[in-house]
Each structure stands twice: as structure tokens, then as C-alpha cells.
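Multiple structures follow.
One chain, chain A, appears in both complexes that follow, with chain B as partner in the first and chain C in the second.
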Partner chain A sequence: MSAVDIAPARPSLFRRAIDRNGGWRVAIVFGALAAIIVLGLLAPLLPLQDPIKPNPLAKLAAPSLQHLFGTDNNGMDVFSRTIYAIRTDFTLALSSVLLGVLVGVPLGAISGYFGGWTDAVVSRLSEVIQGFPQILFGMAFIAAAGNSLTSVVLVVAIYNVPVYAKMVRSVIVPLRDIDYVQAAKVAGNRPMRVIFRHIVPNAMTPVFAQLPLSCAYAVQMIAGLSFIGLGVPIPTPEWGSMIQLGANYMVFGKWWLSIFPGLALFLSVWLLNASSTILQSIWARRT
Partner chain B sequence: MTALLDIRDLSVRFRQGRQSVYALDQVSISVGRSERVAIVGESGSGKTVSSIAAMRLLPPTAEITSGAISFDGEDLASASEAQMSAIRGRRMAMVFQNAPHSLNPLLTVGRQIADVHLRHNGGSREQAWAAAVAALEATGIPDAANRANLYAYEYSGGMAQRAMIAMALTCRPDLLIADEPTSGLDVTIQLQVLDLIRAVADETGAALMLITHEIGQIAGLCSRVVVMYAGRVFEDGPADLVLSSPANPYTAALLDCAEPGDGDFPFIPGRAPDLRQRPSGCPFAPRCVKARDRCRADRPEPRSHAGRLVACHFPEAP
Partner chain C sequence: MDSTRHWIKFLAKRLGGLALSLWIVSLITFTVTRLIGNPVYLLLGPRYTEDQFQAAVQRLGLDRPIWDQYLTYLGNVLTGDLGVSRYTQTPVLEDLLHRAPATLELSTLALLLGVAWAVPAGIAAARNPRGWFAWFADAIARIGVSLPGFWLSLLLVFVFFAQLQWLPAPLGRIDEAYRDLPVVTGWMTIDTLLAGNLAAFGSALAHLVMPVVALAITTCPSIFQITRARTEEIMASDYIRSARAFGMPDRTIRRYMLLNMAAPVLTMIAMTYGFLISGTVLVEVVFTWPGLGLYAVNAMSHSDYEPVQGVVLFTTAFYLFLYMAADIVNGVIDPRARASS
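So, the complex of A and B:
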């Protein structure tokens, strides 16, 4: 009998997610989220109309079998655009969040580990960024750097850096004096190795739980920036700019221009938030 | 011959808000090459702080107010962080109490030992892994090749302590500091771990600094005993001498506690002193059955007495 057999069996992550949230909840949230992502990934393969092809003969057409969600003022198919917008919004959101994690986690780890002067600089800078109104910051940044996808990603990434830096810092401060970290130091590991091999991997759980939440927030922010005309340039399908476009026609009873991308945005943000809650419940200690 | 580890007149103070905790007060401990020294005392007597200070891993709230630490003639107080990390693990290794928590939960035990080997000896990953397995084998872990692939939570307390000893000894250090290596283990395992420490010290010729609060563990393992109380050295001398005829009343009291008589368990009345205050007299005086007026007024300094150092105004005549 090997030691593996004696070791107490720990329920798998999936098992714990179901135990704490109920099977249906997990299935619906992750199933729907996966469906959205798959829909976005497979969009070019699906029999959809060209999302950026104007059709002067069918402007502002109401939902019909031909155009499930109707068409907009340029005669572009709203259904196809709503689906293609998954690609735009999710890619931008994910890349900006990952960029934020990539910079924020090491920054928070170093500031938490060394404390003192480094910590003070990182913490104060984080507070400055977080204290600044985000849309205002986005407007200023995009006005200065130009209206491009890169600027949008950078704005959201810069916003995410302090979120992760602070989160990792708060987890690392108590880990700093834990036994195996002390043991790693005693074994002669250099500080950077102690941080990135022994501390950071043990501090990543809240980061994983936070990821979908940040994505939800990033989707909102990208849509928000696009809504005020600062995000994704126009013909590219994107929920925020589609909602903005439709808002002008709302009063004339052309509700389908805004409602469908709005629903898609709402659904995505809600599902991302719900999946974050489930992830948090997996790692939360039961009281 | 100079000592391997030489702690001289070391005083360490911890800041605690506005107050100061005087953890070490003019402590001198030296460990010679291949010598085995035990440091005994109650909780809070400064045993662990001395060893952490030797490794130069005191937390930022601690402050060395006086004294010097040298290792193999090298002054550790002025060594750079890079020099220290090259010494730690290679020339000076340490085993903690609470071994299962001293292993990183996300790395296999073998990986962690291989890491230490790689850090100090270089070579390839395969060589390091082989060295890790060999080290585990040397500490008596059966089926080491497979167990190296397991994680800390799959190890029992005794096995984890063996793994820690293996990690400490992969680079054949000159000095092994064992900080209460047996606490939290059951009695049979305690003896095995002590035996193991003795065996590896024999084999590698490493000097040993055994920190313990169980005076009974020393006999047969260590050649010298340093008794600490309230951050001060109370008695320092050859183990057989100190254990058979203690000169300091505190050592005598500790020894009495280790050998319970018929049905009654002796203990030292009172409690360890509050290190935030520094009494003018002997810190043990309030608990000492032999305390006199001079003990309360005047602090005894360690001085030679009957083949050892004793800090007591009225040492027991051997």
C-alpha cells in the first residue's frame, strides 16, 4: 500500500463547486458561459450574414425570419453583429485583464514581500489609479493616445493592475512569515525565487476567483467607452457602440437595435459574475 | 581553534508598538566544529531567536542592539544578503518544528529538495533529482524514489520531518540547527528522529545545535548544554556535568521536572517573566526557591564555576 492510498481524499474542484452551489446552478452558469464563448469562437463558421455588410434595401427592418434581430440604420444584420461582438468584447476584455494580472501580480508580490519603501510607492500609486474616475481616465487616455483597440485594452489593463496588485499583496503579507517560506529562505533561496516559486503560487486562488469578475467589469467598461464613442471604431461589431447607435432610434419605436446587444451584454456580465461567485465558493473556507 | 558559530554578547530587541521586548540579553553561544550543543529553556527564553539570528532571518521588527555573530571566521552581521543566501542551506542548515508546514504545499517533496541541491551545487535537473532521492533514502524513507513524487500533505509528521532533515543535509552543511525537531511528533517517532539526527551528524561530521525544551532529549546526543532563561544564558557547560550536577537552581528545577517522582509531577511555580520589563535583579529570582536579597537587586553575570559558566550569585557547589 503506497502513501497515496492513505492520503485523505480531497474532493475535486468540480465536486466542491457542485456541493456548495447546487448542480443546476453550476451547469447553467458554466454551460451558458461556455455556449457564449463557443458561439463567439465559431461565428465565422456559422451560417450568419456578414456583420459589416450594409444593405441599403433593408434599413431598420424589424425582426423577421430573414433578420432574426432586425437590421440597423445601415441595413446590417443585428443578429449577426450581436454574435460577432462576442469576439470583440471577450477578446478585448480577456487580453486587458490578463495584461493587468501579468503586471499587477508581480507588483503586488514584490511590494508585499519587501514592504517598506517599495510597498509605499506601489500602494500609493494603486490608490491614485483607483481613486481616479475611470471613464474620465479612459477619455483622457484615449484622447491622448488615439482611438484604437490598443488604447482600449491599455485603459482597462491599467485599471486592473492595482486590483490585482492589492489583492496579491494582501494575501502575501501573512504568507511572508509562514513556515515553508521561512524554510525556503533557510535553504538559501534568493528573495525573487522565494517570492515567485514559493509565495506567489500559494497566493493565486483569489486571483483565479477574481478573473471572471474582472472580465465582466472589463466588458462593461469596453462597452461603456464604446458607448461614448471612445472605444471600438464603428463598423466593428461591439455591444456598446451598437447600443449607442440604437439609442437614437429607440424613440421611433425601433427597439431591436439596442435591446438585443443590451441583452447580450447583460447576460455575459451576469454569467461572468455568477461564475466568479461559484469559483470563490470553491476556495472559501466553510465556517 | 576558533569556533564554527560564534555568537558574542548578542542583544536583540523586538519593537512591539511603543514597547520593546528584550528577547536576547548579552547572549554568548559558540559551537565548535562537529560539536553538538543543546540549547534548553522554556518558551520565550530566546532559544529560537538565537538560531534565527544566526541565520540572519530576524523579522524586520527585531533589532540587534549589540553583539556580533560570526560563522567560520566570517562576520555575519556585515555579510550581504547574497552572501547570506549562499551560506544558508549550504553551510548552515536548519530544521524547524512543525515539519509538515515547512514544506511548500504546491511542490512535490522531491522537487523542493532538488531545488536546494540545484541552488547550491548546480548541475542538471536529473542530478539534482537523484540527489534528492538519495537524501530521502539516507533519512530512512522507504521507497524514496516514489515518495519523492508526493506532496507534503501526503506525508505523515514523522516522514515530513525526515524530509526536512534530508533537505537540510543535501548540501552537507557544516552546521545543522534543529529547532525543536520533535515537537508535534509522537514519542516513538521522536526517538527515531533524534536517532536520525545523531546518525546524520555522525556521518556528515556536521556540528549540531539542538534547540529543545525537553532536557531529557540531550543525554547521549549532545556534548554541551546551554541553559537559557528570559533571553539570558544561565548555565553553559559539558552535558554530563550540567545534567548530573547542575549549578544553577534553574537548571536543577528543569531537571527535576524532567524526572517525575512517584505520582507527583514537579513543576516550577510562577511563570516565565514578561520580557517587556528588565528587572534589575536575576530574572529567575521571583520563582527561585533559593533567592535572597542580592538576587533581586543585582543581576548575576555568567562566570566560571566548577568547569562551566553559570549566571547565579549562589551556584550549587558540585
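So, the complex of A and C:
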């Protein structure tokens, strides 16, 4: 009722997400994604069978009440492994994406702000790195740096650096000459302070919306690399290597080894993609 | 006169850009192989004798300064010397050329199938964005981007080979019986026709169905999405509204729309083609398809690293070349792309 209250309040982020995507969609996508993450976090506390304990008496058992998703050729429980793999895949994906953000955001900010020579080098380098064939470059990198989880995280991070550098740069270039930035400069702030205190916060919204999408790519790439035996060592539960293990049994009609981890992989990537779309719609200008 | 100069400048800029990118590629591969890893290990694998070690150090010139090593490396790559595969004992370049047609045939057909679906579907979906078709096509595209290609391949093998027996086993490009047909182009579909052997042609096609479908579904959705978005944008634009208001015939309006749509869609098609050349790696593994991807994966499992590097260089160069070609075609279609360069 106050006189100041002329403009209607800006709807909350949550409200905007629902307005633009429908309540059901938002609830299902974020609910299911949260469920997957919680399932992964709580896996050790749940009454699951040991994911890396072979059972010679129950090799290649079809799905049953005792083994919901059946067992693999070592007699390990596929259900338990599929759940535990959430931990492996999400942790690796998230760490590589965050590493990419950590390097990409400052790099894009600095190159966009200073322009000129730095900018030309960073832009060209980003373009070339994005031109490298992902899986193959991953193979070459792992060949050189050794077959380890660190190599996998690094190679996925290398792909994410240009994504964020380009994104931040595109936000920063138009802001460079805007009044408040000029004012911050004139007030005697050092360039780094102007960049990170006054400009970069504006670029964090698209970065945030991009995160799940990057994680989706990262999960796919990590699973792809371990499908050809790179990165995650064998008994560790991981979707890609589980699919690989089951691949040879597929032609003999033993479908459960590959189908279930593949479904989990597909579902996770789908939900990550969908949540990124919803986040982007919140901040997109209404057309 | 002026326009000729304009064109030469445009082309020179694009070619220069390509050369620069390729040079950066060589810098990156050099850094990865020489500075991150142990190059002797890369050349010899996990087991080697002292003599072999000394010979490798000699060959790689590890005792020389780093810039000198780089120049030698660059010289080798430029003259087509990509090393020798320790496993097949043939020069890597020879192996690459021998295997490239299998990958090219697979990815080209996948791209054609994808474009044949994605572009018309994108236009149709944009014309009636609230209709069932738009919903359906969009669902397929969303599923396609989220599906791992190698897993979809396995699903197809399970259904169409293991269960229904409609399609051949995932073991290569053609049935055993036709393996000694003369190789002319390296494309099975063309070579079998040149040999006039229709049964062999049928076998080659049957072997292509599953990998081509798996690749088309998983890599072409972005073509659908960009076609749809661009068409919707154009249909809502002022110039199309004006053209309609002036009573232009549908044919003319359609031509305007296609011309304006072409540039981003072509760029996306070129990028998808580039991705396909390397995106086939995992699908080739599933179908034991004797292309570049399987070559690299096999080499990797024999600790034979020069082929892996060779495939990376080859496919990256291919991608960058396609990207430049798309840029040039855009310049031909759209004068704004020329001017802004």
C-alpha cells in the first residue's frame, strides 16, 4: 500500500521457471535430478549389495527379486553398481566442469576486457580446441599423460575452458565501455578489481545456466572414454565400463548387463540437458 | 574490379585463418606428446631395451633444444611423415589413407540421412509450432542428443540382430563371402556396384543400416533445432511480412526464406560432419567397423601411440577444413558475411 510500491515486484526465480516451462515439467526435471544425486550420495547407507564383490555362484543371473537388474559376468550386482556409478560419473563430471569454469571464466574476462593481442590469442586457441575431436583427443592426451582419473578430468576440463571463456567474453565486451564500468575505472580501481568486482558478476548468470549442460557433455565423454577402457579402472562402478562389459553378452540375449547402466546414463544426460534448458529460459528475455 | 579485390581479400583471410589454426593444432599436439608425456614411452611402449631407448632419443632428437625438436616435428608432419605403427609395421599415413574411406562412407551416409530428416522436419515444425508433429520431432531431437551413440548401437544390435535376425552381425562392412571384391574407391556401396555384384551391394547396405541410423539419431538433432529456430525467426520477420503484404507469390517468399536460412544451417551441417568423422569412434568399436576410430582404439590397446596422434591430426584438419569451407559458402550466399569479415 505504500507509495513506493508502484512497479509490481519482480517474480521470483522459481515463479519465472514455472511460468515459462509449466509446473509439472520443472517439478519432474528438478525432482528426478535431485533424486539421482541424493541416491548417489546416500548409496553407502542404503541396503545395497557390495558393488565390487564378485559372486562366482551367481554369474550372469537374469533380473530377479534378489538381483533387480541381474548380475554381470563376475557375479556383481548390476543394480547396486548402477547406483554406485552415479557417484563416480557425477563426481568426475562436476570436478572437470568446475575446473573448466575456474580457468575459463577469468581467461574470458581478461581477454574480453583488455582485447587486442591477448583476446586474439585466447579466441583463436578456444576455436582450435573446440575443433579437436573429443574422444580422439582424449585418447591422445591419456596416451601421453597416463591412464588415470586425473587425465580424464583434465581432458574434459580442457574442453570446458573455451566454452566458458567464450561465454564470459561475449558478456564482457559490450559492458567494457558502459558508464558504470567507466565510473569504476575513473574512481581509480585497478583493472583486475574492475573486472572481477564489477563486470564478471554480470556474466555469472549464463555461466550458471550452462553448468548442467556442460555436466551432461562431461558425463557422456567420461562414459565414452571408459567404454574403450580409458580412465576409470575396471572394478569401479561406472556406466561406460559397465556397458562395455555387457556389450559382448548383448548378442547372446543377456541384455541386462548393458541396458540398465545405459538407461541410467541416458536419463542423467537427459535431465541435465532439460534442467539447463529451464535455467536458460528463466534468464532469457521474454519474446 | 573492386568486388574482385574484395573476394580475394575474403578468401585470403579464410585460408590464412585455416593455416593459423592448423599451426596451433601442431603446437598443441607437440606440447601434449613431448611435454606432458614421455615421448620415448610413446614411441616404444611400456617395454624397451637400453639400445632401443638410445635409438628413440636419437630419432626424436631429445638431446636437441626444444624449438629444434618442434621444427623437425612440424617438418615431418608437413611432409606426411606421421611415424610408423609399431603394431601393423606400416607408415601411419598409409594406414590412415587405407582406412579413411570406411569412416567417410559411414559418416557421410549418416549425415545425409540426418539432413534429409532434420531440415524438412525443422521447417515443418516451425510452420506449425503447436502441432503434434513439432512436438514429436522435438521429442526425437531431445532424446537423440541425450542418447550415447555407442549404447544406442548396442540396443539396435540387440533388437535387429540378436532378437529379430533382420540385420547382419556387427562384424565389419560386408559379409565374409564378398571380402575379396576389388577395391576401387574404398566405399563398399560404390565398389560393389562397380563390380556389378548386386548381392554384395545389398550386404554392404545391410551392414550400414544400424551404424548409420545410430549416428544420424545422436548427432543430427542440432541441425533440426537450428533449422526450426531460424525458420521461426524468419517467418516472424518484417521482410517476410512485407513480402506477403505486397502479394508476392509463395514461390518467391519460399526462396527468400531458404536463402536467409541457409547460412546458419550450412554451418551447422559442416560442424556436424566434422564431429561425425570423429564421433564414429565408439560406434565403429561396437560394429568392428574397420575405420579410423577402430584403428586408433586398437592401436591404443597395443600401446601403439603414433597412430592415435595421426588420427587426431587427420580428423582435426578435416574439421577445420570443413569449417572454413562452410564459411566460404556462407560468404557466397550472404554478402553480410563477406562484409563483416
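Simple rule for what comes next: the second predicted complex is superposed on the first by the 279 of 287 C-alpha atoms of A that agree within 3 Å, B and C clash if a C-alpha of one lies under 4 Å from a C-alpha of the other, contacts with A are read in each partner's own complex, and residues count from 1 in each chain.
Criterion: contacts are C-beta pairs under 8 Å (C-beta built on N, C-alpha and C of every residue); 3 or more make two chains touch, one makes a residue touch a chain.
No experiment lies behind these values; they were computed from the predicted model shown.
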Worksheet item: Which partner does A:N21 reach: the first (chain B), the second (chain C), both, or neither?
Response: neither
Discussion item. If we overlay the two complexes on their shared chain A, which of chain B and chain C does A:W270 touch? Say first, second, both or neither.
Written reply: second
Item to complete: Tell me which partner A:N73 touches in the superposition: chain B (first), chain C (second), both or neither.
Response: neither
Worksheet item: Does chain B (first) or chain C (second) touch A:T91, or do both, or does neither?
Response: neither
Discussion item. I want to verify the contact counts: of chain B and chain C, which reaches more residues of chain A?
Written reply: C
Practice prompt. For A:G115, select first, second, both or neither according to whether it touches chain B, chain C, the two together, or no partner.
Written response: first
Worksheet item: For chain A, which residues belong to both interfaces, chain B and chain C?
Response: none
Practice prompt. Spell out the residues on chain B that touch chain A in their complex, using ranges where they run on.
Written response: 55, 57, 59-60, 81-82, 85-90, 93-94, 96, 98, 101-107, 115-116, 119-120, 143, 146-147, 150, 152-155, 159, 164, 167-168
Item to complete: Spell out the residues on chain C that touch chain A in their complex, using ranges where they run on.
Response: 20-21, 24-25, 28-29, 32-33, 36-37, 42, 142-143, 145-148, 150-151, 154-155, 157-158, 161-163, 169-170, 274-275, 277-279, 281-282, 285-286, 293, 296-297, 300-301, 305, 308-309, 311-312, 315-316, 319-320, 323
Worksheet, complete the sentence: In their shared complex, chain C is touched by residues of chain A numbered 124-125, 127-129, 131-137, 139-141, 143-146, 216, 220, 223-224, 227-230, 243, 246-247, 250-253, 255, 258-259, 262, 265-266, 269-270, 273-274
Worksheet item: In the complex formed with chain B, which residues of chain A make contact?
Response: 2-4, 6-7, 115-116, 177-180, 182-191, 193, 197-198, 201-202
